[in-house]
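For reference, the structures are reproduced in the following blocks.
Each of the next two complexes has chain A plus one other chain: chain B in the first, chain C in the second.
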Partner chain A sequence: MPPAGSLPGVSGFQVHFADHDILTAGDRPDVLVAMNPAALKANLRDVPKGGTVIVDTDAFNDRTLQKAGYPASPLDDGSLADYHLHGVALTSMTVGALKGVEGVTPREAERSKNFFALGLMSWLYHRPTEGTVDFIAKKFAKRPEIVEANTRAFRAGWNYGETSEDFAVSYEVAPAPLASGTYRQITGNTAISYGLIAASRLAGLPLFLGAYPITPASAVLEELASRKDFGVITVQAEDEIAAVGAAVGASFGGALGVTVSAGPGIVLKAETIGLAVALELPLVIVDVQRAGPSTGMPTKPEQADLLMVLFGRNGESPVPVLAASSPSQCFDAAIEAARLALKYRTPVYLLSDAYLANGSEPWLVPDVADLPDISTSFAEPNGDPFEPYRRDRATLARPWAIPGTAGLEHRIGGLEKADVTGAISYDPDNHDLMVRLRAQKVAGIAADIPELEVDDPDGDAELLVIGWGSTYGPIMAGVRRARKQGIPVARAHLHHLNPLPRNTGDVLRRYERVLVPEMNLGQLAMLLRAEFLVDAVSYTKVRGRPLSARELEEAITTMVATA
Partner chain B sequence: MARWVDEIVTEERLLHPGHAACAGCGPAINVRHVLDGLAAARPDSRIVLVIPASCWTIIAGVWPVNAFGVTVHLTPFASAAVEAAAIKSALRLVGRTDTQVVVWGGDGSTCDIGFTGVSAAAERNDDVVYVLNDNEAYMNTGVQKSGGTPEGAWTTTTPAAAPRSGQKKEIARIMAAHGIPYVATLAAGSVPMLKDFRAKVTRAAGIPGFRFLHALGACPPGWKYPTGESAEIVRLAVESHVFPLWECDHGAWRITYRPKRPVPVRDYLGVQGRFSHLSREEIDAIQAHVDERWDALTAVGEPDRELPRASSR
Partner chain C sequence: MSPGDGLVQLTAKDFKSDQEVRWCPGCGDYAILAGVQSFLPELGVPRENLVFVSGIGCAARFPYYMETYGMHSIHGRAPAIATGLSTSRPDLSVWIVTGDGDALSIGGNHLIHALRRNVNLTILLFNNRIYGLTKGQYSPTSELGKVTKSAPLGSVDQPFNPLSVAIGAEATFVARAIDTDKQGSAEILRAAAAHRGAAFVEILQNCNIYNDGAFDVVRDQKENRLYLRAGEEIRWGDKGVRMRPDGTLEIVDASVGGLLRHDPLRDDPGLAFALARLTFESAGAVPLGVFRSVTRPVYEDMVHEQVRTSIEEKGEGDLQALIRGADTWTIG
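Here is the complex of A and B:
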């Protein structure tokens, strides 16, 4: 890491809590606690004017100011006049509070200042303190003296808020109204892992994951590798090609085959995914997108793999594509991906991204009875020669035969196959038919997925904002802000990107204007324009950071103003 | 000895201080001695460093800093060896014959995803110094098992309940079997070991063709030990025969460092958290495997004894 106190060395975290359902991590914090001048300089631009800034005055001296590039102390030169500035001697008060704690060095005592600051914040917002005290006791259980130090610092911070006259006001945040039930925190990657396990149970098939380490997808491999208790088989392959090959082999063998990666790994898998299209076998491919091209910014989110997963294979090679919209929704999305893969005997892409993968939110643990039945059946020998490409009339799916079953001997592969028999065929008419059958099979899924829902409370909006994937939260929050200004605006979010919901064209044509915010250069907008001939307008940012509610509010108000 | 130590302590470094490696990073020690050794061996040459996806894409720093004093080309995981070979060819075509092209690739890229490329470059005898930076797992993505992960080790994909089964790929011996001009193992565990390390780097710099150096680098967060112990743990790896120091120079095998009093492998395993779940029986089994490998290696590595070879270049 770059040295502490320098601008590149600034680290921190952001917490967002509210009396309503939270949609984003919050783009403009109301309070900034800066532990040194560099932290102030790096983060002040995010705090809206009128926000509260709390600084550790002990950390402001000539040396640290110079390191951060401040010619004069911002605490004295009036440059912070637009903020509610509180100078607090966090370090020395923490060290003072920890005097007499045995076994804690002065340096360790200083480190407890984070808990002093947390105590002050807990007071400022009337947060319950028991949870934090319990957390400290568990987290540092191996070092009782650190438990004592952090607890003391935490309480000292709270007491400082209570007794100091520096803070004239404090705030109370009411509990949010949420459906009752058991909640737990969940990240997108954990939710995908659990969703895949649930899918394997609901399908009555063993789950087989072939994967290769890659940021930000590795946590799915790690989670599933530790789930042998659910009968999960994981193969950490030697590369991406082997990982997807293992998954296809497992599918051929009768398991639910899954592979997980990020963009640079998905491109390597492309040939084998094309094979799965030709084999017409179930396969779930999870792409946890990150900023590209090439290695790009491995830990940062982007939505720029959409056109790749739709079109990034040779030949006419249709693959259904789903996109998760929030960390907890990743659970349902994984089950839906498995459902479509099994029912239609096709590879299915599930798109997530680094924002969903690592973001966490409360998840209402579902009742198993409410989850869909996605069980499937295998071909049975009936005395006649087995026809591996005789399709189900409703779904156009082909039979799935456990290899080695007597009476079901068959040959499949990447070469073009004759309709019904599956024999290798170079016949021109047969190829034309097979290309169209594969396309029809995937297009037909539109009848089996929900219609696109539109959120247009008064039905008087002329502007529709439509998105996909992890922009769900920022778009919803941005739309809410615009509505507060009195602007009627409709909103819709796509979870199925191939095929699109059957009413998508009707929805788009119902509105005068359509705004498509994306973390790419307009990939969904291009699809919608091409497919439905509507004048969809792109709003694009590729900064490796989620879109913010504030910028989307601005985009909406600007668009309405120029109507 | 003292003068030699003075020289390497005071030499100009091609990995500058202030890089972003973790505290105690063993590979950071190794890369410095590889680069400085290659530069010292051929003072008039320049170095181009080729690095596949790894911690080393980040350690050099994020703008505006860069810790490397050489030109660096970062490649995808699988293609470092062939890109390096092509860089060398292109430099020859434009008249820059004096440039040393060096790969610094991890155990994941070398043993797993990039193995076909490394093997093919060796088979063609491409004019490249390929250094395997072995920290025995995919550390950059968060400690997943690789083909270089040793038997019994915990990683995030081989959890303690089901630790790594099977043996670490014997990559250096596999590379030697390609009949390339030079293969050697490197460990910066003590002053004598470092002297051996630098001598091998110097030797590699003076030979044309594909040279393969296998450097063991301890990783505090991945191997789970205090950051001050990196050199000591590598020393124990050598003294316990877990990581023998040898070379194969144009087909001639030689053990270059024989521990006078070998220590039991439990001394090496016991100081690392990644092995803390192992039972006594499991440690005994690892000891037996280490002994077998040492016996097999020393049988071919006897002084004056050469392996039968078909295609030494």
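Here is the complex of A and C:
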């Protein structure tokens, strides 16, 4: 038998959780737990880029590294940069957790680290713990002290996940059975980056990103900076104000101008986004939300920027707002944000969050030929004097006349403009008209987006659970659990927050009760109540963690019980 | 700066927009506007390839009066916006018009970063040492002790010297002009427009309403102008500038000889910096002209060079291959 710690001596096992039938044997693990360098070396190639690698740091020393043939520690040399690497002192934490368990040899205590790791995995994937605890009790029934040790180690691993800052995200397994096709693993930040590149291709416009590094949004800047072969231009600006300013400048010049940041940076951009509202130029602003206020908890997800992006500007300053619902959906959401920005000549917000940004999931890779055409056109001279604010009748968008076009020389700015001509105007009626036109233009987008879909399998639900953003997975799972209990419950998820889908009011009024789970203090609920006069009830948690399926199941059952 | 096609001979009038000019009568901004409009035909860049970007302030109204492309943006942010525009459209000739408050107070950060990046921009800073548009508060160039409505007992803020800021920010082209000095200004505009990279021009501008006479010692009293001319001795009237053994500058009788010869191409910014700090109070004259004009790689060139070489090395990006990635599996 080859010695432990050498490459041929590596053993391991693969656990696959899914709440649908496992359709392939070829599924690649999302997480590798490597108990020593040799195990890392032997198995790393099976983990897709973007996957999670957890290593027992206690087992990484000069000797074991050398045995596995590593010239330098892969934990320090950047060779694992493509993975989410977590160094965890598995052995010593396990041994620590088992102090006081009588009748267990030190060697046996050390071996319990497998259960510590399983506990951590169970936490990471929201797996129920009872089954494992039962299994341990049965499997080691002959040795109660081993049952005790393994159960303790398992619980300690779970608790470590729950309390460690290291694990910012934990994933809810995607609920639907996977359709056939080619899959890859993708994180939200990568999907947004690819979506923006795709949008630039689909629009036939160069992509320009202005950004200033900030957690958890920096990965988009980094990804796009490495895609210059797609003609992408990235400017790492001196601050977030400059970042969005540069994007507006690029848009004026005919590029797809984009900026990406998180809450503290988004606040700084507000004035420039107001300028873009007045200029009526395309602009995409990605807000990868994190827990606030202020610096808050930079790596932790929250959904508390919704009202800020909707209303956080001076004056009547309407901006369309979209929210991505899962890591892979970020791709479509980015294309949709660009489509609306280009078609309606407006800044558009795309909301993501730290959960989506770093969380990954399998993605059915789309065929590029199936992606939407979002091309647009620049204004051309027609011999008449150019009128920069003459609007398209259908969309109310103004012409996009880019420098370099002879005959269309014009000046735009933040001062109020006269309808049609775009000349500076302080005329009271003109201002009233312009304020209403800008609002109408954005409201009109409702006709150009899909209706809100309701998932109400038997059509007999009285309760509707409605959410937005990254709560998609947890809400779906919570609803499924409630249904398993025999509770009829309907579910809907908003991808467009401004304007809301045109049937939103109808959907809400169809149900007796409406539950709105959010990772904030009830921002969407406030909007729905204000907009539709429905008695929407909030379920809120702002723990810097995704909501869990179990707590949502509970919220649903409680609400039904108190009906 | 892209060369013009030279096909149509434009005149100053062609650069006047239909907007009524709304500065106070007597404001120095009029002379600057007229100067730029009469210089541009000579530049030979077609009107559609010219873009004037400004922030907020009296000075920042400038783009509205130019029959070119233009954007009157928000306070202080013109350098950021212009950086995005010029980087994505290096074929354009992008100009910034800004005030002392706009450029050095709220927009100070953007100004210094545009300069150190050496973005291909021509930046005209109208320095009237006051906040004109907001009716006369002291600005970051107002002198210590300046009494204004917002500083009734006198400003306690040490002022910026705009040229020192620019040179400190690694600017490759730094010049100073006077609003009413038609000939001097034209020469400087010519040099600034010809410079590839960020060209920074401070224009001493009289705000006759809120800070009248701020530059009288050099605007009206022409004998106090010290024109810096490449290759020539640095002198005015019967005075000249010499360097002491310790490297500092001294004003001497020109007849004693040993005067410095001006060389804006000097890579080392030390001398330009020292010259920029000569004031009427310290030297008895105000230096004007091009202090510094050196060559350094231009931001846009480097950005587009990276795009070019990436495409050369990897081939034009394949979207399907990108989103598919290297690690896939198939179901069904």
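We take it that the second predicted complex is superposed on the first by the 388 of 563 C-alpha atoms of A that agree within 3 Å, B and C clash if a C-alpha of one lies under 4 Å from a C-alpha of the other, contacts with A are read in each partner's own complex, and residues count from 1 in each chain.
Here is the rule we go by: a residue touches a chain if its C-beta (ideal position, glycine included) is under 8 Å from a C-beta of that chain, and two chains touch if they have at least 3 such contacts.
Fair warning: this is a prediction, and the values are worked out from it, not measured in the lab.
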{"item": "Which superposed partner A:I233 touches (first chain B, second chain C, both, neither)", "value": "second"}
{"item": "Which of chain B and chain C A:R411 touches, first, second, both or neither", "value": "second"}
{"item": "Touching partner for A:P206 - first (chain B), second (chain C), both, neither", "value": "second"}
{"item": "Touching partner for A:P264 - first (chain B), second (chain C), both, neither", "value": "first"}
{"item": "Partner chain(s) touched by A:S218 [first = chain B, second = chain C, both, neither]", "value": "first"}
{"item": "Touching partner for A:P366 - first (chain B), second (chain C), both, neither", "value": "second"}
{"item": "Per-residue contact with chain A, leading partner among chain C and chain B", "value": "C"}
{"item": "Chain B and chain C footprints on chain A, overlapping residues", "value": "228, 238-239"}
{"item": "Interface residues, chain A side, partner chain C - complex", "value": "23-24, 26-28, 48-49, 178-186, 194, 197-198, 201, 206, 208, 210, 227-233, 235, 237-239, 241-243, 245-255, 257, 271-272, 274-275, 279, 331, 365-368, 403-415, 423-424"}
{"item": "Parts of chain C lying in touch with chain A, wherever the complex brings them together", "value": "17, 19, 46-51, 53, 56, 63-64, 66-74, 77, 79-89, 91-92, 109-110, 113, 303, 306-307, 310-311, 313-317, 319-320, 322-332"}
{"item": "Touching residues on chain B, where the partner in the complex is chain A", "value": "18, 20, 53, 57, 61-62, 65, 74, 76-78, 108, 111-113, 115, 138, 140-142, 144-145, 147, 156-159, 161-162"}
{"item": "For the chain A and chain B complex, residues of the former touching the latter", "value": "1-3, 8, 212-215, 218-219, 221-222, 225-226, 228, 234, 236, 238-240, 264, 268, 294-295"}
